[in-house]
Amino acid sequence: MIIVMDSEATPSEIDNVIAEAESNGWQTHLSGSSGNVVIGLQGHGQPLDLFKMGQMPGVRETMSITQKFKLASRAFSPEDTVFNVRDVPVGGKKIIVIAGPCSVESREQILETAHAVKEAGATMLRGGAYKPRTSPYSFQGLGEAGLKLLAEAREATGLPIVTEVMSPTKVALVAVYADVLQIGARNMQNYDLLNAVGLAQKPVLLKRGMSATLEDLLMAAEYVLRHGNTQVMLCERGVRTFDNKYARNTFDINAFPLLKELSHLPVIADPSHGIGVRRHVQPIALSSVAAGADGLIIEAHPDPEKAVSDGPQSLTLPQFATLMGKVRTMATAVGRES
Amino acid sequence: MIIVMDSEATPSEIDNVIAEAESNGWQTHLSGSSGNVVIGLQGHGQPLDLFKMGQMPGVRETMSITQKFKLASRAFSPEDTVFNVRDVPVGGKKIIVIAGPCSVESREQILETAHAVKEAGATMLRGGAYKPRTSPYSFQGLGEAGLKLLAEAREATGLPIVTEVMSPTKVALVAVYADVLQIGARNMQNYDLLNAVGLAQKPVLLKRGMSATLEDLLMAAEYVLRHGNTQVMLCERGVRTFDNKYARNTFDINAFPLLKELSHLPVIADPSHGIGVRRHVQPIALSSVAAGADGLIIEAHPDPEKAVSDGPQSLTLPQFATLMGKVRTMATAVGRES
Amino acid sequence: MIIVMDSEATPSEIDNVIAEAESNGWQTHLSGSSGNVVIGLQGHGQPLDLFKMGQMPGVRETMSITQKFKLASRAFSPEDTVFNVRDVPVGGKKIIVIAGPCSVESREQILETAHAVKEAGATMLRGGAYKPRTSPYSFQGLGEAGLKLLAEAREATGLPIVTEVMSPTKVALVAVYADVLQIGARNMQNYDLLNAVGLAQKPVLLKRGMSATLEDLLMAAEYVLRHGNTQVMLCERGVRTFDNKYARNTFDINAFPLLKELSHLPVIADPSHGIGVRRHVQPIALSSVAAGADGLIIEAHPDPEKAVSDGPQSLTLPQFATLMGKVRTMATAVGRES
Amino acid sequence: MIIVMDSEATPSEIDNVIAEAESNGWQTHLSGSSGNVVIGLQGHGQPLDLFKMGQMPGVRETMSITQKFKLASRAFSPEDTVFNVRDVPVGGKKIIVIAGPCSVESREQILETAHAVKEAGATMLRGGAYKPRTSPYSFQGLGEAGLKLLAEAREATGLPIVTEVMSPTKVALVAVYADVLQIGARNMQNYDLLNAVGLAQKPVLLKRGMSATLEDLLMAAEYVLRHGNTQVMLCERGVRTFDNKYARNTFDINAFPLLKELSHLPVIADPSHGIGVRRHVQPIALSSVAAGADGLIIEAHPDPEKAVSDGPQSLTLPQFATLMGKVRTMATAVGRES
């Protein structure tokens, strides 16, 4: 950390800052700039809070030199992290595509979808058994029955299963059935849940919160990684801004080159939530691949008009097959595979 | 719900919309406006999703007539909800003041704070035993030992205790010690947790999420209320916007008149997080009372420079006493008591 | 417009609303939904303000059926607008690429850039002679001398010129030299300026304001279009959100499919401002083409380290040539040309 | 400025940064922190762009020590700026109240309003003759005829006149009639206009743009101040965020203590736009005074239901009189006068 003192800071104010730093195990080094004393911290002291140091009398500004996220950082692991979900490599040259309905609704629905998306080229199956809903009066998911249907669909197609877990009390149960534990946007800073999925040692799909910064997202990943669970996919799904008249969210396309530079973890795009309108999912999916996404998660349903949730943004199964063709062309155009 | 069809909608598109509504138990009533067919739904059918209906072919726009929140709405309960936390009435004429440190750090710290804020006129004691922290490497709270210290401070001063619970697995434990269960901003849409505190039948302080709309906040309250637990305080603590250079958050002062109109629940202001800078907490606290807040939650600490968390926004104990004097003057000026 | 009355609205409140509508030349048609009276307006009355009608006693909600923008709307002109800037067709199958420095700095700089971007395949030349700067102490542009250098570069290369005009008093002057008048993001709602460029009957590049909704952008275009000047390019250049630590703006990729659906006007992407970091301009440029952009505007400079403005986001000339190769591949992948 | 190099920066990268700084007239001073070289600039060189320096190879971070705004800063002028508009002191102990309709509509309307607000205790009259409207099809103001009516109202009541000017070409004309030139939110970064009102040497009311940071607002003021025109009032009128369902804007109450600390200029609150709903204007006005505002600007109209613009947020004249009584009580409560 570097601490810049006000030009009018008193010697005792400067001494207090030095004392605070040294009492936390840091060595200090003084220099100057434009009439301000500059205090550089060196060595391996206790972490100090930037904002807190910045409020000490006589301090003008503080600057952290090191990034707050460590295990998630590119500096920690310069090579891209690649891991397998069953036999599907994630984070490598191949663009993965996770597809399926928002909610598991019935045996027929999930099996029909699984076969169709497999046929079209999807590499994993998604489906919600526990659904976080804004309204307590909305459908909350089939629960364990839904998990069993997902497992049956995996048996039938070989596709690994991605499904959301909402509570630390359910992690053990969901981990029995799922190949990838999904953390939803609303739970991105549910730290007990992050710790629980970290401990579960299962692959995790971590969705960005709707007003989470990229740094917040990487700090959330840090909660999982510090348990030795490095199988984490980051997922951009759109953020909340001032304009939501024509789209549900603002899809942050900048997140792809930025996250790929900041971190070694695979980055997945969720264009279904990112724009929220079925007929526009395809261009956003393609632009994600063009921007550097390592994979896509796409909502698809045999009959979106009858879906219990997220119907308006779900593709029909033929639309999904069409999209897969375009994704292959796009992957080639940017030197990837699919 | 009202559904407006495009002026070019075909008869079969109109029929499909009518069929969809009627298959969900609604009666339909057709009229027109500017060349568009308008379909009004009547009766008591199943809830329909606005966005989903809006995506049906031929539909131009949809409008909900009823609000999504029910038990939290002013229409459901026209009178202000007033309830007691021990002997402190919340939601009445008197402005309540909840004060204390961000984190419980030691027996001395919490007892000294409790006595001082009681002396200055505070009506409840706050303090965190379980802390949601952006970084897994930061102090995470004393846990149950912290709860015990809070209980001891209550014994010593008579002040009811407000403390955060972060996980459904901890609700039963925290409820043994706390008088009010606090839900933090990051957990506002942690639905399993909301259900758990709803079932606990204890008073709840529900903080607004950092990008939650007022409607989102009221829908989160709905999760608690539907378990018959009507002792809910809503809490404005600032939202995240494009400007955070000089303040941590943007404090949404409009929330006070709006929430008081939309809902019967008490509304509490958290100026400490709302602006995040100690020397500015007082004007934001006073403006909250002027805008209609029913209470304040204020961070205060015997030695904020040494606080393990949120030091920069914590008042010293003498500053808190000064604030209380100003709050009394302000309460009188707007026809309240304190 | 459709007006929904409260279920408790009194007959006289309903009468007042009807009277207000009819006094503005509308016919009214009453129906009902869930116990609420619904008033539909028909015919060709004076425009009414939605928010104003919504505040009349007894009114619950109001809904506009028609979009506020007219001349810019897809309904007004179902076919894509295509127009020529000199011999460059804009809005057609071919992706246009406008390239050049942020500011015109010298004869050598602009001529070297013009030749290089022409060589690499750019179709127009950009360069600022009048610069809107946040600080009055920053470089404000070369003014008319800069315009003359741009004209000289056009003579030398044949590339049409795009340059910004900041004030209605300067429109006539800039129009003498420029082929396209650029309206900057800060001036998107400078209505006197919009009227002036509308009257100038020159092609316009209209940049989206940093917190403008898509509807705001289309309403700004409306100011130009109503003067009979239909040569308008809409330009997405990133919006302001809560996260700007690693990128200057949040680039709204959703704007491309949405604007192409809402409007018949060409839509241009500005990835240089959209992400603001040189090494990430390429993926954002490519993703824009994948999402449906009709063209790109790219900052390029012979020596970005020495640029007087926007150096960090300007490509070097070899980087620009590399980008053009990738753009061609991408255009082919999505069925366009370049 | 302080520049922190990467821990892996090469000696030649460090040399390049030093050379760049010294070639701009700065002396450099090297020190270290946690293995990073830290370069402090000293003396009086040319301004350097933070973001640009930050993109030089080997640079990790840069930090400005001095604020970008100078003439507007509290450091430049430690005492509060107080100036007179006719005989009304602005920026002193007394809370000023500017009241009147959004638009001047007729002689009767403006005279009736002027007399009523004067009677109730207002200190200036507002009214728009040139109106910036999102739609080109909306009422655009009476123009010079409106200015003449405002001047007549001033003759009749003695109240100074505040009115908006939208274009540099109109500044001279508006300055003939107005006592205070208002810059609207949409024009806050219209630099030609800011320069023109700076040169006019008339008092200016500068509204914050809807997504302007506090720093942006102060930089806009800088454009006026550098012409020697120090009669500038800053005006908070609400910013644009993700929630606008129940209020037009999010009123940034934090702006009052922050701007009063950062700057010596008077700060005015516009609660009418800040919340946008007539029945909630009063609590927001009172909270602004509680937070430290030096004045209020309030929309009031003899018959808001018939107002051509902003009717829903305009107070009736009796409502305004009631508000003035409350403002007096509030001013006393916070040690101000009105």
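The letters A, B, C and D name the chains in turn, as written, and every chain counts its residues from 1.
Note that in this section a contact is a pair of C-beta atoms (placed from the backbone, for glycine too) under 8 Å apart; a residue touches a chain by one contact, two chains touch by 3 or more.
All of these numbers come straight from a predicted model, not from anything done at the bench.
Centroid distances from subunit C, each centroid being the mean of CA atoms, peak for B.
Spacing of subunit B relative to subunit C, judged by their CA centroids, is 39 angstrom. Between the CA-based centres of subunit C and subunit D the separation comes to 26 Å, rounded to the whole angstrom.
Put simply, the C-alpha centre of subunit A and that of subunit C have 31 angstrom between them. The set of subunit B residues touching two or more other chains comprises 211, 240-242.
Taken as a graph of touching chains, this assembly is fully connected, with contact between every pair of chains. Taken in their complex, subunit B has these residues touching subunit A: 20, 47, 49, 51-52, 54-56, 68, 70, 132-138, 166-170, 186-187, 189-193, 209-211, 216, 219, 222-223, 226, 240, 248, 276-278, 305, 307, 309, 311-312.
Within the complex formed with subunit C, the residues of subunit A that make contact are 211, 213-215, 239, 241-243, 245-247, 249-254, 256-258, 261-262, 274-275, 279-280, 283-284, 286-292, 329-330, 332-334. Listed in rising order, the residues of subunit A touching subunit D in the complex are 1-2, 4, 29-36, 38, 40-43, 60-61, 63, 65-66, 211, 240-242, 244.
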